[in-house]
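Read through the structures below before going on.
Next come two complexes built around chain A: one with chain B, the other with chain C.
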Partner chain A sequence: MTAADASVADVRRPFVGYLSDVIRRQAWLGGLIGLVAVLLIFTKVIQPTYDAQGIQFLAVSVLPLALAAIAQTIVVIAGGIDLSVAAMMAFTSVVAATQMLGRSDEFSVAVVVAVLVLGLLLGAINGILVVATRVADIIVTLAMSFVWAGCALYLAQAPVRSPRPWLQDLVNGAVVIEWIPKAFIVLAVTVVLVWIPLRWSRFGLAMYAVGSNKLAAFRSGVSVGRTKILAYTLAGLLAAIGGLALTAIKGQGDPLPGGFTLASVAAAVLGGVSLAGGRGGVVGPLLAVVILSLIQTDMTFLRLNSNLATVAQGVILIAVVMLGSLTQLRRRP
Partner chain B sequence: MTVQTQVQRSQNVGGMLARLFRDQPLIPLSVLLVVLMATFATVNPEADFRGYLATTMRTAIPLALLAGCQTLAMLTGGIDLSVAATASMAGFVAASLYTGPDTLWIAIVVALGLAALVGVINGIGIGVFRVHPLIMTLGMGLVILGAANAWQLLTVRTRSGVPPELRWLGSATEFGFLPVSLLVFIPIAVVVIIGLRRSGYGRLLYAVGDNPIAARLSGVKAWQVLIVLYAISAVLAAIAGFLVSGLTNVASVTLVNPRLLPSVAAAVIGGTSIFGGRGGFSGAIMGALILVVADSLLSSLGFAEAVRQILFGSIIVVVAAFYSRLTTES
Partner chain C sequence: MTATATATDLLLEATGVSKTYGAIVALKSASLAVRPGEVHALMGANGAGKSTLVKILSGAVRPDTGRIVVRGRERMAHSPAEARRHGIVSVYQEPSLIPDLDLRSNLRLTRTPVDAFRHWTNELGLPRVDLTEMARDIPLAAQRVIDLARALAIEPDVLMLDEMTAALPANLTERVLEVIGRQRGGDRSVIFISHRLIEIAAVCDRATVLREGETVGEVDVNPGSEERIVSLMLGEIAGQGPATTVAEARAAQQRQEGMTPRVAARALAGGTRLHDVSFELYPREVLGVVALEGQGQDELFDILSGAEHPRSGEVLVDGKAVSFHHPADAIRAGLVYVAADRAEALLMQRSVRENITLPVSARIRNWGLISLGAERKRVSEAVETLQIDARAGAEVRRLSGGNQQKVTIARWVAGGVNTMLCFDPTRGIDIRTKNQIYGLLRDLAAAGAAILIYTSELKEIQLVCDRAIVIFGGRVVAELPAAGADEAALLRAAYNLKHEAPMPEQIAAEAVAADSDTAQAAGSRGSVGGNV
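Up next is the complex of A and B:
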């Protein structure tokens, strides 16, 4: 009875009510945007010379982690976790660098396409193994991280220098005005091409359904296995884009995976994605990546010990998640 | 008719094997270990087998301790990703505080105390504030790493290397094949194994992991269990850190990091479920031994590091898949 009344009230609620509803629901996102703004202003105050150059540097430095965070977000929403993101990035980055070495620009474009396909393949293998073996996602992807890192190491024992001017031009610098870095455009294009179609498709809905309640999703006719495999496949694609970004930015392919895996999990969680699955989006994690990077920048500008940045990241991670779970506890009846 | 009985019999044999593996995972794991070691001995007939045993045990013991941390956490449905940072920190703090034999105890006690503090904070975060164990221990790992790095900058001039006592403990061998680190490891292993099986606290760990709601309704205060659990885990990690720094004669704040993911793998190979409620420390010890032996076998067969990693990952997937097949069938 009361529930029905509430829903009627919801329908009749005027625009202001709708707005407050959106604000309430997007409070987390709003907080993150506010934090980014505060950090940017703070950066400008402590370092008056921070300008478009700084923004461009920021964009380039966050690009690989941002792509890893999108990959992680997709898998976590579908109820899994992918600990092989960094290894896939290293593998695809090394493949790109070794295959482009000494070839023509036309060939290197083909390599980029091939690497993207390779990423889809790696992700699909992860997903199929998770579904087929029925082993916990965290264990399968942990084991596969050894496999993909081994593949990277098999191709190259040391970083392979293979700079491609056209690839570097794709991420460095700015477009139209100096305040719009190309790296942000790359990120935006990726989100528009991968995330938005996903979010509004049947599959996207299935992904949220599987993540929030596997059994209910199954009983509603969702193919749980196929949904999970597709989520991991997309994560593989994004990891490959991240690998290409690494190759583009550094002009080389490094077979040793960076710390992107755990950082991507941290960014996803800070961005409001629930590790239990079924909740969150990509905008939050992307903002979280920017926040983590800005904190590090500010620590450098303040000439603080860079180790304090590591401590701060850990404390922020724990504190934010604690805050989230406390609000969750209170909401529970 | 005969075909049917044959099929039945083979199913019985298969079922028996499955039950054996499920209920007594130590037996098939020991068989696997012996097969791996025998393969090593056949491949390297001229190798000094006693020395090989000593090296294997010396390398496996710290890994087994870390796998024990993961096992305890996984029994409650958690995971402890801060063990590597805690272990490295403990080894580093012990080395930096050590100035002579009479300061050894201070160094050890301070390092263990710091580790226990880390564990209690982990436990409070996970048990009281309900932070996901993965995130809590990951965050703590970052905090420890940063703090230890800062500590390193402060103490860089007074540092005097790994204490010789820890070097002896981590790397010395008696009678040609018994590593001294067994002196530390055997008592810990006995206490943990018996404690998990026989003590009330051990039962609580399984109860909380197997069915947290049932445990809560039976009057178990999960937060108390978790705080003690993560404190124990951190202390075990610190001891592993002493042994690793003694073994490698290095005191660095990232020393133990490469052993973090293998420690999870060893616990899984040992039959502990990441979902909680199933597993034990003896399995983790076997898991650690198998990983170390497999690694040395692969490298003695001349496989490159790359191929070793690929095989390593594949072995983990196959063993874990095998376990999940067995346990979901029942």
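Up next is the complex of A and C:
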């Protein structure tokens, strides 16, 4: 009986710990959720026709950046930064498009798997270079972003059209009811398959430990190098999923997909991930991606110059992060 | 050597361990033999190689040569993780808890069983530890104890405590010593490193003494062994005839004449380590500060140079109380600072000239055009006075360490020195440059400056100082004239060994016997600090 009680308590403990974690982070997350709600209501007010279609569009448009943001978050928590996220997405997206071109559906499934492995490989190379050369993360990944972007352009100088109905079906549209877009399901599955196990594994702990205090982690018996390499490798995997999402959504592989790198850093910061490492999770950055995207949408609905949206995004980023550090300052004497 | 145990009886045996960093020999040939069930002290003066040996045993540093045998099996660890698997766990003065993780996650990270951890936190006097608390939100002293409880809970074969009591409050220290003392007689051992001989006497069975990178002796700890340990740490010191000095006599004379001290500290306290330091620094004198590592000297110099605010006490400059909010305030009051770490003071990518004129040109009213002619004159004078080899003067980082240090001194000399605070200014500098710096400091004092110098090399005291104060446990425990401040006297004072004080082992016995509830009584607080 007592043994059973103990085991029940043991099972419950991590959950209770998780809950208290959530409560502690609630302030920031609550603020982000509030911001999302306000923006959604605002959108509905200025564009009364905004409905399930709009949500589906939103889901599809945020998917690549959301995946990039998760990739960035993992690396930043481990105390690094990955400036090659967009380039890896471009490279994997172009590889997927060119290899699927004119092949059977069965073969394209194999290509998807191969591209995921490629992503792991690209990330591992980033990580190994960072650890082995001891050059700053920011420099290694900046250099590697040129390498991966160059590889993408080498394969295709212009976007390669290579639509795959089954792949497009995976992200476009909705499931069960029209309010649940498939793109959100893809995102949720990715989070469940990659992030949740990571968060609760010893590797996940090691990642936070290395980002938080390298020396203490080392002394606690954490292998700092291995942890960093794994973090970059996972980021590569997520970048590859992002690349596949790009290919699936547009039905093409684009060697120049856009500014996902800095946007992913912005999303991570806005989402409460400390650039100093060791703090944050993925929920915040995912909400941040939605916020950044909704601002863009609203600017369009208001028929404002879309360049102003970028200005607004920058202002919001500064304002929110400043507010956050002010409240934290007050909490800490 | 008194070790008679055969290799198989030993829990841990390290032999012939050596390590060099570039040209610097950190360990020549160190050995250590720890028996099961003992608390073994590792002793040595600054720079004797203790911390290098600890790093090697804990897997943080790889030795050049040597063997490490744990329970009869050769076990050379290449990382702390591997050392842990071999049963060697270390606790340092700075806790190894991950600040951004809660305690439960911290325990999970090191695979520490929660129940055992709870048991040890209770034993160590922290009964209510909230496992959901973030490590960064826990007071530092409690973090240190928690770090120890975490290590004890793993039940390592060898537990290494590297100066972990150095920054603990007295009541916690007492509990820690009590718990460590109870580890004796079992199957596992503790390697205990502390600057406090009283703690060594209280909990240790034997001590291994290192000097200049070599193991020079193994001592059974018993009443009276402190003197033997200290003499082993000192080795044979060639008697340097009574040094000096005209300057000393002069300074003493000034004091007699009732001069106002240039700088006076009154009961200064700050940080976690500086508790009560008072002294007077007169013009024309060089006052040495001697202390083992971490006795509060860092805090003292931070306060005097305006980098930190004292917790209590006051600083008088020329008889007037001052309050520094910024190093600029201290500099304005004439207190300039020379740090051990040149990188703290210099703009490494800039030229010698720019570095020397920085303190002058950084004053806000001097912003605008710099008068190059006057600047050049002042710089060349300073360069000449200090004999700086400025051939590579375009970038300071290309200069040798000694020349860099001369530049940090030159920048203040160029502006005219009133009071100079030097914190271990000759650390890592070649002997020739050291001698030049000594000479320079003496010249400055002769020209009327007041100089306060902390040094980790005890023989420097007689070379440059007129007198010296010794700080131990955040308090001044001795003041010696240069003539009486030979290495042996200074080291004894630095370890707070006094003939007239009660025998340490008596107090030690009291400390161990002290019950948990009397542990916090005011009387026993002093005994642990050793200042009865």
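We adopt the following convention: the second predicted complex is superposed on the first by the 306 of 333 C-alpha atoms of A that agree within 3 Å, B and C clash if a C-alpha of one lies under 4 Å from a C-alpha of the other, contacts with A are read in each partner's own complex, and residues count from 1 in each chain.
Simple rule for what comes next: a contact is a pair of C-beta atoms (placed from the backbone, for glycine too) under 8 Å apart; a residue touches a chain by one contact, two chains touch by 3 or more.
Everything numeric in this text was worked out from a predicted model, so none of it was measured.
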Next item on the list: Return first, second, both or neither, reflecting whether A:A149 touches chain B, chain C, both chains, or no partner chain.
Entry: first
Next item on the list: Identify the partner contact of A:G278: answer first if only chain B is touched, second if only chain C is, both if each is, neither if none is.
Entry: second
Check: So, does A:R219 touch the first partner chain B, the second partner chain C, both, or neither?
Finding: second
Next item on the list: Give one of first, second, both or neither to describe whether A:L317 is in contact with chain B, with chain C, with both, or with none.
Entry: first
Note to self: Is A:A309 touching anything from chain B or chain C once the two structures are fitted on A? First, second, both or neither.
What the structure shows: first
Next item on the list: Kindly classify A:I139 by the partners it touches after superposition: chain B alone (first), chain C alone (second), both, or neither?
Entry: first
Next item on the list: Give one of first, second, both or neither to describe whether A:A206 is in contact with chain B, with chain C, with both, or with none.
Entry: second
Notebook entry, point to check: Which residues would you name on chain A as touching chain B in one complex and chain C in the other?
Noted result: none
Checklist line | Touch list for chain A against partner chain C, complex | finding: 13-14, 16-17, 20-21, 24, 202, 205-206, 208-209, 211-213, 215-223, 278-279
Notebook entry, point to check: Mind pulling up the chain B residues that touch chain A in the complex?
Noted result: 79, 81, 125, 129-132, 134-136, 138-147, 149-150, 153, 261, 264-265, 268, 273-275, 304-314, 316-317, 320-321, 323-325, 328
Note to self: Touching residues of chain A toward chain B in the complex: what are they?
What the structure shows: 81, 129, 132-136, 138-140, 142-147, 149-154, 157, 262, 265-266, 269, 275, 305, 307-315, 317-318, 321-322, 325-326, 329
Check: What residues on chain C touch chain A, complex-wise?
Finding: 58, 60, 79-81, 84, 90, 92, 94-102, 104-106, 108-110, 131-132, 134
